[in-house]
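Below are two complexes that have chain A in common, paired first with chain B and then with chain C.
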Partner chain A sequence: MTDIQSPLPGTFYLTPSPGEPAYKSKGDTVSEGDVIGLIEVMKTFIEVKATDAGTFDSYVVENEQPVQAGQVIAKLS
Partner chain B sequence: MALNILNPGLSTSIQDLGRPGYFHLGIPIGGAMDRFAMRVANMLVGNAEDAAGLEAVFMGPEITFTEDTLIAITGAELPVMLDGVEQNTWTAIAVKKGQTLSFGFLQSGARIYIAVSGGIDTPEALGSRSTYPIGALGGVEGRNVAAGDVLPLGKSGPGKTGATVAPAHRRMPGNPAVLRMVKGLYWHRLTDASGEQFLNDEWKVAPEADRMGYRFRGGKPLEFVDREQPFGAGSDPSNIVDGCYSYGSIQVPGGTEPIVLHRDAVSGGGYFTLGAIISADMDYIGQLQPHTPVKFKAVSMEDALAARKERHQLLDQIRGSLA
Partner chain C sequence: MVIKTLLIANRGEIAVRIIRAAKSLGIKTVQVYSEADENMLAVKLADQAICIGPASAAQSYLKHDAIISAAKDAGADAIHPGYGFLSENANFVRAVANAGLIFVGPDADLIEKMGNKIAARQTAMKAGVAVVPGSDGAISDLDEAVRVANEIGYPVMIKAAAGGGGRGIRIADDEASLRRLAPQAQAEAVSAFGDGSYYLEYVVVNARHIEVQVMGDGKSAVHFFERECSLQRRRQKIWEEAPSATLDEATRQELCQSAVKLTRDIGYVGAGTVEYLYEESTGRFFFIEMNTRIQVEHPVTEAITGYDLVAEMIRIAGGAPLSVSQDDIKINGHSIEVRINAENPLMHFLPSPGVITTLTCAHAPEVRFDHFLYEGYTIPPFYDSLLGKLIVHGNNRDEAIAAMHHALENTTISGIETTIPLLIALAKDNEVKEGQVHTGWLEHWLEHNIEKIKP
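Coming up: the complex of A and B.
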């Protein structure tokens, strides 16, 4: 298992915009640099990118949940 | 001698203590959101306290140095690395030519201040190097720093490697943060019960809070004393005939979410302001992360001036300890 951590604090979104599917679902192939989710802070949306390659396992935070810097937001298997 | 910006982080800007004197013309005072931390970072490397450094929010930048120098990181806590080796915060660190400064994940606080011996020597605009991107003033040609920027440095002063600030002197807000305020000209627009409610409620920093203003949500909507809106005021009870805003004033558009106007705020408008955060506590706001719980506490003008004096004394103590 590899953890993907949020680089900064803010509100986490797991979809590119409301009503769309999540960026990744279980079993998806993840390459380094793939967008996993968005963090909203200071009126800006910042893409959270995978720092490793692997197979997507799960999100461990909910959509629109407040997150801290360094908090694990998703797991790769 | 220069800094090379490899990666700017999220929103890293050149800041000093600001450009007061132009607010009546709509030019904000600007400068570091936590001026205490900026001053102390400069003291640690032997700079004048109003020298320009870098303010980085939530994430650190990645920087290399073209010559040996002395740096200090103050403000928010996060791992500071020089070529991957962890360094102390609030301490003067010797840097060798070619080394890379980088940062780990933010642990507490919101903004770090990076002072470099000699200070950043970009051109001044209206007496300050502070960056005001909306007005394209100061900074790097009016903007925040970007990858590939080469920032010139001034002439080095006296600083000593290893100089450090005692942990008790590293002034940061608590959690929940208590922000002291003095009630203002428009406080009478609130009902007594609503005023009391505002002070009792726990508010949380909204994610959109930035250098212009810190927005809070989570408390109950305000209730206003009935009146016929005066000529020139908007129709919402939170509207007034346009007035001046001070640094630190608390406006509540629509009566729902208070916004504390900070260093890059507008200087006037048509929302009532229920008071102002005392000057001693404005630096705390610069260190609040999104979702941090906050309470507003009403104090007297005497208390506000005493708190200002206390903060000046703390700075004096630090100056003394580093001399």
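Coming up: the complex of A and C.
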């Protein structure tokens, strides 16, 4: 298992915009640099990118949940 | 009816500012806050504080019923909305009135009228205020477009009637380019929206943003002269001055009179700002909108006129008439405000929330620092990046710029990145010193002068 952490504190979004499917779902192939989600910090949206390659396992935070910098937001298997 | 208890439906520096004004009037204060704002300065300063929901503004500072219930529970008789959030939300203002509470600001109908671009433009025209010249309706015939463009003058902007968000906008500098570009715009609009008609609007080249502070009590209205806010990045003002460096006295009087006439014509109640674009090459000014709230940059007006605008708007909301007549309001010297944001100007303005480890403020009679910071406070990531506003006053503009430079050099906010290094570079810039700026100036400057920002 590899963890993907949030680079900044803020509000985490699993989807590019409301109503769309999540960026990744279980079993998806993930390459380094793939966008996993968005962090809203001070009204600015910043992409969270995978720092490793692997197979997507799961998000460990919910959509629109507040997160801390360094908090694990998703896992790769 | 005099206000005895005021609820502040906002956060950050403006909540602190409103609490200070309320205390100066002997009014009890109730501060609402989200779960993320438990430790903010306004919560500590208010007589009472009530948590209204989670961090997300949609579930707290924008939640009408939570705020109105808090006001009822606390026995507040009025709500001050500050700026942003619910300050220009007509539905909220109606709900406040229906709950038997006072909203510190104009009524819902007025907010709706001035908040609608077309209605506001018509209202301004009715009051005899110049608006940005444009076609009265949609155009689909090229010869008609040429005739209209000759009337309003070049350059003109060609905007698809069915479009939005600036899509497909073209600018024609003369008749030949209009004849070339209008058919392109039309063809594009047909394929994108199924409607090829378009509007024409005059383009104010190198426009300066000048706005007039007004205050009304429903019967009478006054102005507190103008502010210039031409230094902007992505339409966010970052440096504001009063008075404007570019207006001559005759134009200043004409501009301020037009704003006060509009304010009086609509029976305006409370503090407001009438915004204009100013064309320096011709001395013409054009109404763009009216903001029906107190604005971030109100302190520069307070610095040159000596009036407390927030206290005055609270008094008026409580039913008092204007406490000041136009003849009493005079310009004394020059004032500048800069907005200090939690952003890294050397990293594309990346937001920088976090813990304030040390805070040093410049202390001098000519310096005012409106903020909500203290050492050990964590700036949350959930709201905008404004940390505070540094305001200086000088006998003239040169003195004010020198005072601002000095105040910025003596202000330290450690633990997070701030825009102070950018503001210092601006205070040292020759074009800023000469007042040679317009609303596009700062973005252009940032593209070519990043090395002048010293971390």
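Please note the rule applied: the second predicted complex is superposed on the first by the 77 of 77 C-alpha atoms of A that agree within 3 Å, B and C clash if a C-alpha of one lies under 4 Å from a C-alpha of the other, contacts with A are read in each partner's own complex, and residues count from 1 in each chain.
One rule holds in what follows: a residue touches a chain if its C-beta (ideal position, glycine included) is under 8 Å from a C-beta of that chain, and two chains touch if they have at least 3 such contacts.
Nothing here was measured: the structure is a model prediction, and the numbers come from that model.
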item	value
Which superposed partner A:Pro16 touches (first chain B, second chain C, both, neither)	neither
Superposition-derived comparison: chain B or chain C, residues of chain A touched	B
Touching partner for A:Gly70 - first (chain B), second (chain C), both, neither	first
Chain B versus chain C as contact partner of A:Gln5, first or second or both or neither	first
Contacts of A:Gly54 with chain B and chain C, given as first, second, both or neither	neither
Contacts of A:Met42 with chain B and chain C, given as first, second, both or neither	both
Doubly contacted residues of chain A, that is, touched by chain B and again by chain C	8-11, 40-44, 46, 66
Contacting residues of chain B [partner chain A, same complex]	10-11, 57-59, 78, 104-107, 110, 207-210, 289-291
Touching residues on chain C, where the partner in the complex is chain A	36, 55-56, 342-343, 350-351, 353-354, 380-385
Complex contacts: residues of chain A adjacent to chain B	5, 7-11, 40-44, 46, 66, 68-70
Parts of chain A lying in touch with chain C, wherever the complex brings them together	8-11, 40-44, 46, 64, 66
